[in-house]
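Per-chain residue numbering starts at 1, and chain names A, B, C and D are given in the order in which the chains are listed.
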Amino acid sequence: MKWSVKFMMNFRTDLALERRDLYRKANNIANEINGLETQEETIGENVKVTRVKVLNEEGEQAIGKKKGSYITIDIKDLKIAGEDEIQKASEAVTKELKALIGNLVADQDDILVVGLGNLYVTPDALGPKVIQDIDITRHLLTYMPEVLEQGTRPVSAVSPGVLGTTGIETVEILKGIVDNIHPKLIIVIDALASRSIERISSTVQIADTGIVPGAGVGNTRKELTIDTLGIPVIAIGVPTVVEAATIAADSLELFINKVQEEGHSNEFLNQLKEEDKYQMIKEILAPEDYNFIVTPKEIDELIENMSSVVARGINFATQK
Amino acid sequence: MKWSVKFMMNFRTDLALERRDLYRKANNIANEINGLETQEETIGENVKVTRVKVLNEEGEQAIGKKKGSYITIDIKDLKIAGEDEIQKASEAVTKELKALIGNLVADQDDILVVGLGNLYVTPDALGPKVIQDIDITRHLLTYMPEVLEQGTRPVSAVSPGVLGTTGIETVEILKGIVDNIHPKLIIVIDALASRSIERISSTVQIADTGIVPGAGVGNTRKELTIDTLGIPVIAIGVPTVVEAATIAADSLELFINKVQEEGHSNEFLNQLKEEDKYQMIKEILAPEDYNFIVTPKEIDELIENMSSVVARGINFATQK
Amino acid sequence: MKWSVKFMMNFRTDLALERRDLYRKANNIANEINGLETQEETIGENVKVTRVKVLNEEGEQAIGKKKGSYITIDIKDLKIAGEDEIQKASEAVTKELKALIGNLVADQDDILVVGLGNLYVTPDALGPKVIQDIDITRHLLTYMPEVLEQGTRPVSAVSPGVLGTTGIETVEILKGIVDNIHPKLIIVIDALASRSIERISSTVQIADTGIVPGAGVGNTRKELTIDTLGIPVIAIGVPTVVEAATIAADSLELFINKVQEEGHSNEFLNQLKEEDKYQMIKEILAPEDYNFIVTPKEIDELIENMSSVVARGINFATQK
Amino acid sequence: MKWSVKFMMNFRTDLALERRDLYRKANNIANEINGLETQEETIGENVKVTRVKVLNEEGEQAIGKKKGSYITIDIKDLKIAGEDEIQKASEAVTKELKALIGNLVADQDDILVVGLGNLYVTPDALGPKVIQDIDITRHLLTYMPEVLEQGTRPVSAVSPGVLGTTGIETVEILKGIVDNIHPKLIIVIDALASRSIERISSTVQIADTGIVPGAGVGNTRKELTIDTLGIPVIAIGVPTVVEAATIAADSLELFINKVQEEGHSNEFLNQLKEEDKYQMIKEILAPEDYNFIVTPKEIDELIENMSSVVARGINFATQK
């Protein structure tokens, strides 16, 4: 079947919103894709929230994402953000996250926050960095409840490391912890791949469907979902890398469009537009050996700012 | 009972060797303590190995350590160590560790290495730093066995974090992982308290009895032993902190000794020697509010050198 | 002469305030020392400001500090400080610093901020860490003045490193920079030694007399003063280390006091009080080889909080 | 004039070797460019050394590099290098560097090593990281000459920071230090831009002409050369970033070549090849706002490995 093949090969992004846009473009769909429902909201000048709902199997097939909610928060100019912008962006995260949590568990149900990734690989360090700033209450409720307000929710947090440095699948570590401490909900933070360098560390995707770590960049691991962990999993993903071949393919598309606009249009170029440029670029680049995954030069600061946004967003969403 | 009280209040060290020395001194025991067995070995000019065996309950009562082997490796001048000294010290660790492992599990049995501590608190960062340098094979044996030699032992490694930043007892996290990945042996690395600033990051204690994290500095946690985890636990501990009150008490003892040697001896000073100077110092210091735990100024480099020693020691002990 | 000898050997602290207290105690001076002038102020519940002025040579002889102003800001519980306490403490720094700057240079005169110390030695990392957070304007005034408000003062900042890692005296590096960029004032940030573990990273000393790096801990370097650099030097010092022998000596003093209060007083103990206990302790400890310089276990976090206090204090003091 | 314009706009690389290749291709030059002289050497399986000499003004005009030697050491698979590869690569650096040093100064002449860049921006951290591992002798020769071998050369090292964090031009800082400590030669380490992601942290360029920091990525600063500093400057540069637009333009070129090979050739595509694709891509990309500078995801480890290579290379080249 045509599209299931395309989806396996093509999206090169973990963002449901980007997949939706790619699918609509590729199939010349002017309105909504069958099986999806999308809603947009603009907050102030710098924040845009897009809520994509995958309603059924048809929607799943189209964009290769499980049935559920995928909320994208795009934050303009977070890269040069001051304290105010970080605060506003984190409030947007809090609002969306709080709504999803409220749908899944009760007010004082135990939540485990999980920071995926490798602290020593800058574009992969977001998860562990967020964990450092999460307000942990579970142990205080046990040992010194008097220091907490009445009704505080138990929150705990771990950075399980990555397969390459632990030798253990993340799902194995988390399953063990879940079985021992019995949280009611997991919030997982992960770094994602995107199509767009612009979105690097400027976008947050919140999904109530869990995640498959590393899905966006080709190294599939066992998924972290209600199916594998037995409790609901909310995934907070932030794009931090882009494939070099994606940059090449996207710029090639822009280039062909420009050429055609300028009247150089001809049969051959039209035909090119029909083809899978990403695949062609991949093949062309392969012998040159630069199928690299890249990240902006400023990634250290981007990760720093974004981990403040996400940590605050979680802290206010998990407590009253 | 006099001594069980003394042991609860007095040792201020996690090292079995220091406890033995303190107990012998306090009780004027010239030879070995009943219930202990001690053996010393000197390797080259800079390494001294002392093996203290706690044989029975009498030994346990005396030094407050479980029945089992406690091997102390003192490395002279590790602080200013070059590559050669680090290599020699790590070989001493390998030799002792290999013997203990051989007593507990078979050659290809799965081992989980656990780095306790907090990466962001320098004197507590040894465990997580060692984990970074452990040669992990468990995932390779699953996914790419062809890159490994025949007979490679599966080794995995985690840094579970500390209660204060996770909200979860270490034993809860480890129990979960053990139940899911079924290793046959755990090696735990932890930072310890010692009586002696000289020993900071110059001494390694290897014990086949597991550990109680934080035992040395007053914040007891649930123990990590075969009783709580269901498999044998080897503990590798390195002193990284000393209590300020210990420095004060020890120097006071030295002072009184000096005074008496010089003939100023008198009834009052003799009486002082009988008393629990540590407790008195603690009481005197309390209103001044400096019951601090301290570490040498050079702790960053000490931790760096020692984590190389321990990681290499483990890597060579776990593989042929 | 008795006291000049004592001062060379005894103070073991870089804080003028502590030296004054030690001198008064040693000499049983109930009121002010000749040649000094002291003023105290309490701000809110947690901040105490003490301004010691060394008026003349007699004052210089007494406490071994150059003629000038030494302002000590003690901040209670900075160790567990939240955002509010850090803000209040930084405001106290700003106020005192602004007054000193106003005495020395005009409103728009060029200032160079210098962070002494070694980023890789935690208790010595304060200077380099503060530099990261200084608001730099000098290059913007040259290249993009339009982004700055009218009347912005040119501020630049360097971390010159330490002799052990550069091979160059700090004064040589700074002299070169001063000769090339011609600032009108230097503000130097440095880590100090104190008598008191309590003061570690809880106290800021601001002096208009410059500094001799490492003076407090025995490794004297060439001084950084108007005499060596040709322009006024304000020194901001924060205690981050204590000598182990100081802990021992001070606790011994407390001990002897306690013993005497309890009526055990006798000729010998009285005589001890007259003597130089620090020196005796040093001698006793020497063969044991633990003349260590120590720092609290929590030094990473202490340095983090204090570098926020100092950086903000400087930023608001250097700009309107 | 055509070529001077092209060189200003086009090379997008700091490597003389890449500029030479681009120039030859653009001008269909089969042999050597007038004014250049090139020599290649292969060492073992993994190291290739190319020595480009710019002989005169004609060569300067062609590749926009000053008269002098530009030695490129390409190291295959440094990314996954073990201890052996790092050692071999550093030996290649030592050999080339030693020859250049020998041409410029005498055996015991004082050398100052300068690590340019920003420690907190991973792809820009190479310089400061190398400095940490340089064997410094200048202060020992002054204070403890007895610990050094006879004939040790005085070596010192600084990391002056970057304009954005100091507010001071690097040349102003270095001029000051040179005037005060009078070294006879400066070795500067800097991160470069390259055309090729493959070369990121796999290539070292050594030049005896000094450098203009940031030249490759558009933010020109005052040059560091014998003209500005008064003593010879050897520059060691390592590519760590690539412009996203370069990836796009290079892949577009590959794409057009492929299309033509496949017989789709036509007038329009031929014409495209003549044009400045980089400029066109830049213009197309501009409205999309992704004129980013990127670096591989693995940059942390690449920098770590390469800084070992360079530091060892320098240490063995500066001492006998």
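Criterion: a residue touches a chain if its C-beta (ideal position, glycine included) is under 8 Å from a C-beta of that chain, and two chains touch if they have at least 3 such contacts.
Given the structure is predicted, the values throughout are model-derived calculations rather than measurements.
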Can you list every chain in contact with both subunit A and subunit B? none
Chains in contact with subunit A and also with subunit D, listed by label, are none
If you match contact pairs by residue number, which of A-D, C-D or B-C shares over half of them with A-B? C-D
Compared with subunit A, which chain's mean CA position is the farthest off? C
How many angstrom between the C-alpha centroids of subunit C and subunit B? 36
Between subunit B and subunit D, centroid-to-centroid distance (C-alpha), Å: 47
What whole-Å value do you get for the distance between subunit C and subunit D if each is reduced to the mean of its CA atoms? 42
Multi-partner residues in subunit D (2 or more other chains touched) are 120
Please categorise the chain-chain contact pattern as a line, ring, star, complete graph or other. ring
Where do chains touch, given as pairs? A-B, A-D, B-C, C-D
Subunit B contacts subunit A in the complex at 119-120, 131-132, 136-140, 154-161, 163-169, 172-173, 175-181
In the complex, subunit A residues that touch subunit D: 120-124, 196-198, 241-242, 244-245, 247-249, 251-252, 254-255, 258-259, 264, 266, 268, 272, 280-281, 284-285, 288-290, 292-301
